């Protein structure tokens, strides 16, 4: 029997407080003391202001793929005779702690499907990612407020899509109804709050049914992979679509499914660390080769690569899985308001009118 | 009033387009926002628009990659470009530094009554649900699914516009619409925010920048949006040769990144505010450059992007100035 | 109508009354409106600035302040002594260290004011060409000696008028009246100034030398623009004759009187009768015999 | 406080104990100030030991970002010194430097970095005594200011300074 | 990288207050350091051999010596490591003497500072790269600008050294101011007797190409490879044909032409050869006074010229010369005394300048050597000389002493007594400056032997009284005012920079002081060099000086050029800027700020251009490196990485 609880709006803080003692709790919160300012997933500490009402600016990937992660540290010891015989002492990264993400939306969790396919179920398993992934539970909020930029339904998701989530949260007028979907999430709800009464339960179920029927966004992504391949050579198509692009890293850094990273050794005399940090295919240095040649010298090739990676390369490689979760963050944050739906939408038409 | 200006713009562009290589302007892509557009054929001229929602500074497209590595052929036709007051100063700055010649551009100057900062609109209205938005004599009228909101334009203007001294283009071939009286002429209003932060004690200023820059994700949108950051593809912030910065995302690295951006713009920045507008983390980075602009104005009596012949102050010297 | 604040100064109320009267007439004739500074005060002259420079600056500064309140940008003073004090006041007002005490005393700053002598006013605002056109009674046939004295064009940095060592403005103005003006070597030599009272032997030697050179050059009169020089050369001419056992008889009219004469004004109105050495010789009209001899002017 | 006789013992009792590990980086122009420091050494003008000298060809070579990097990453004090204006070996190097240093010095406090930790001055190769005075005074000032906290955000210190921006 | 660290004791200079053993031990603990030792006297012969041995045995790729100031022994150690086969730039010094041991007695603090400095030196060394000076071919030709005595001396010395010399002189004759002199102090040699032969040598030497009546149009290039454009001003006379017979001068109807050579005293003809011994002895037409050239019908000279050399259509001509070095000897001009209203402001004909009086004294002068008054030609009886006219007078912007006036006044006074035994000469002076060999004795002779009346005091006014001039001054020794009635007054006008010195300096890219005199590289140690490589100075263009000093500087500059041209190539200083073309975005800021114009554009395909550094012109100041936003241009041996490495060692 599914375990359900109802958290009244005014008791939310105390519940979160309690929950954070049991497990590392991450919630969407304001990053700046401005109600309409940027938000992101932050580890719960008393005093931060939650921001459940809208999609976060920064994606969930910051938790599973931090912007900067020390893979290993190394230290040379010189033997006294001065010859450079050195030994290297490595230290393994600290163990990942059990974590609960409370308040992510379905598109956030949907993105993990792509990340899992690459980092966990692909030919090379990333130990750092997998360790964090296994230790993280997701309490996903059924999405009530979608806006003109969202299109999760067109990429296989939906406002009520609970794939990969362990708990479901339904936002009611006066509070939140939390229902455990998987067994290992049930102990979490123990003695948190009392079970919901019947009317709220039914209301929640109605809302969930409604949400799962709702179709968000109308982007047609059917066989966009071959369509992309036809457009690949047509430079003027890309020029007409994204000439205004600034080639900055915003769209890739706010995108939940962009996972590219760069590894550098930052050394200082005898010690150093191997650092994994976010990188963006929109940067010139991303594909700059030692010879000075750059296979993607201009922003048009780079944007083409970004679209291709999500709507062509991943689908062809991972049996039709799309590398995009339809959250619309790249559209909202783009300094020049490029809409990826337009670029993908026009892939198919043979004449490329705006 | 906006309507007549827009028609006048369309008419002027139509006349000029045959002589132009292309026309850079804005087009509406969202009730509250515009996107730059590059027009080469007559039929898409109608998509051009102007007004308070046109916030991007288009001057960068003339010089930044890929234009950087494809210098214009001597007989190349000029490029048409729409510029507001602050954007026009960017053009003058580019001419000053010989990135473009005056003949390279056909400038359509548009006196500007201030641009709308969508973040401030978000404080009044749920952005996602906005159906249409328009400005009627200094009032922003927004319809969303349920109600019509009327917000005074003054409430939602971008921060840079509040102290604007150059609403009218300082350089233009064609002027679209009537001139606008500057909101302030003195330094007090245009550097009000700088003075406010300067008045705080040192520790508080450090704490302010630590907390603001802690949010920075080093996405370099501010650098790539800046019309004067022409060397964005070879920026020392990213290169390992020479190695100024590591890939760490600690506060020191972000401090140094913003120091580098500010010092490279010292005496060049025209205060167009793009860096702040594009920051996904809403960090007031233009404030940093405004402080240096204030120093340049106080110390050397110099403002960038006003006189095409002037030499940026840090690229020259005056043996006599012992008093600075 | 050029509006100029007129700072008369004490000597033009007393000994040099004719200088004041002729100045007003000449200025009026050339359309220059002299606005006498109401309730002007003494400039303190040499005693003040030798005692306390701030006092001297404030005394003259007060007059400048009143003139500024009248809305005049230019102040003219025929007496070089007063002019020096006015310029001293301006300089004190611009000195960063002394500005504050000066403004406290005077009540306002005096930036942007222009202080000129009568000679400078006539030379720059009117000029020899305009003067020549306005001449009714040309003084052709007379030889006039221009004498500037020591202060009119000095000190160079403050006066900023004509060449301090070799001025020519007075020469040009006199030539414009038709008179012959020889190159007078002692045009800027000292006349003995205030020593006339204590050591009039100085005046005997210095002013005597000037009168002697003037006579040698065939001068019929020495034209001056400073009441003190006029006093030494004219009033003390007999003392000088006694001291040098010479017999100089040279009238010493003011520049404004000579120009007035050339403009056809009556000698009485110009106060020519007030001069100690009678200037009647200047009144002879020699224009005819000049034409008769047909030689160039 | 510099004593009159330069040859006497070190002015301030600067044993290692009270040094608190203060580190000052000095960017000295090779032709004048580095020579001035040498002259001070040759004349045995006693100075505190916190200064570490980096030799640069000219103050014109001085990119203000070297100072920014030093102060941000925890160097306690930065001293830049070159030839007097008009004496520059390269004629105009210090003219360029003067504007850049002055602008940078005025800019530092705005970012929350204490501008008293940065000083630029002009010392010629013969001014050994002047160099002693500059180093001594600047070292004392940095000691008074103490170690440079840098800009690192102490972990857990979530600072919510409300920005007054409209 | 294998680095060796050598810590020097320098006797007790360093070891006295620094624990050098501990420094060496600590150094061995640094990354990349494979060998560290301390040594008694590292700069000594055995010390250097120790380094060379260690390089060989340990296979060192870089050496750090912690010792004295690099300004002292860097060259020494660089040569030492180079002998051991290591590139001389793979070497760094840590100054632990002048900057550490000598300025504090706290042993522990000094040692920790020394360790820091060694760590910084090692950190920098890791980023050092071998540098090689490139060889630039030298065009062994010399350009001498200015044909005065200094220029002539320099040209002759170099020509004797077998070098091709190009001399450019603005006037139509060489000899400069000295050619106008009658006699020279202190030996009263006849000026044209000692200068004449040298001028003839200049004309006759095959390897000297003389461009008289010519000016420098533009100069480009750098040491060893200057390209000079010379504007040969039109003389309206074909100098190849003209024999200098002077027939045209006699017949020329325009007799009132300005006689520049006689300082405006006499009157010359429109077509003129300034003086009999002129080199080149060729006629030249002064366009301002020639009737034919001013629209009136004439052409007398063309008609009677036996060799038909006159050509009224002749135009200026630009000639290009390629040279390796330039000696500037453009001399001086005299102060225009008309500025002094009290001395008559140039109105009195009998108040003349020293050089005008020199022309009067000269046999080839306007009065054939007889002293006459310019006004009425009478012989003067009383002559007054006034010194320091336009010298030592800040009010006219000439605060400096011109150095030569006291001497030429004494000489002229002596000559006056020779010419007119009954005349009386008076000299108003402030101080007598006679520093040279036999100089003061010469002035003493003027006073005692020739009875010249020296009056110590300034002259207040000169005015005409009747036919004579009254000189009114003071005699400060007697404390009285003095008046002298004189027939002739000679003002010893001071020396100032020659007309147009500023424009020429801009073309040469050398600096000049506020009076227009050119700036020498170092007033005492390098007086004839400038901060611009390959450009040398000689004579009064560098500052007021007399003939002996000018000639000495002429020879000095010549020897500098000869030592430069002694080798076929010039070794360029490898510590120059280098552009990484991949990062250069052609913004041109480096070109704009480079004080030496050492950076130029390099055109690539497709209209792309990049900055390029001229290795031989770049002086290594690094302003471009500090200015370049993408840091594409790096100053070798002082790159960003090297400086940052040193700074990083000090960061927390």
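First chain written, first letter: the chains are A, B, C, D and E, and each begins at residue 1.
Criterion: contacts are C-beta pairs under 8 Å (C-beta built on N, C-alpha and C of every residue); 3 or more make two chains touch, one makes a residue touch a chain.
Quick caveat: nothing in here was measured; it's all calculated off a predicted structure.
The minimum number of touch steps separating chain A from chain E is 1. Seen from the C-alpha centroid of chain A, the farthest chain centroid is that of C.
Rounded to a whole number, the gap between the C-alpha centres of chain B and chain D is 36 angstrom. Note on chain placement: the centre of chain A and the centre of chain B lie 31 Å apart, centres being C-alpha means.
In this assembly, the C-alpha centroid of chain C lies 52 Å from the C-alpha centroid of chain E. Counting only residues that touch two or more partner chains, chain E has 582, 593, 627, 640, 644, 648.
Residue positions 69, 234, 239, 244, 250, 314 of chain B are each in touch with at least two other chains. Residue ranges on chain E touching chain C, taken from their complex, read 340-342, 344-345, 347, 461, 463-465, 470. Of all the residues in chain A, the ones that touch chain B in their complex are 31-32, 34-38, 54, 57-58, 67-68, 145-150, 243-244, 246-250, 252-254, 262, 264, 266, 275, 277-278, 280, 283-285, 297-300, 333, 335-339, 354.
Of all residues in chain A, those touching chain E in their complex are 76, 78, 80, 82-84, 268-270, 292.
For chain B in complex with chain E, the residues that touch the partner chain are 68-71, 73, 97-99, 230-231, 234-236, 239, 241-244, 264, 311, 314-316. By the touch rule above, chain B contacts chain A in their complex via residues 29-30, 33-38, 44, 47, 56, 60-61, 64-66, 69, 119-120, 122-123, 126-130, 215, 217-221, 223-225, 232-234, 238-240, 246-250, 274, 277-278, 280-282.
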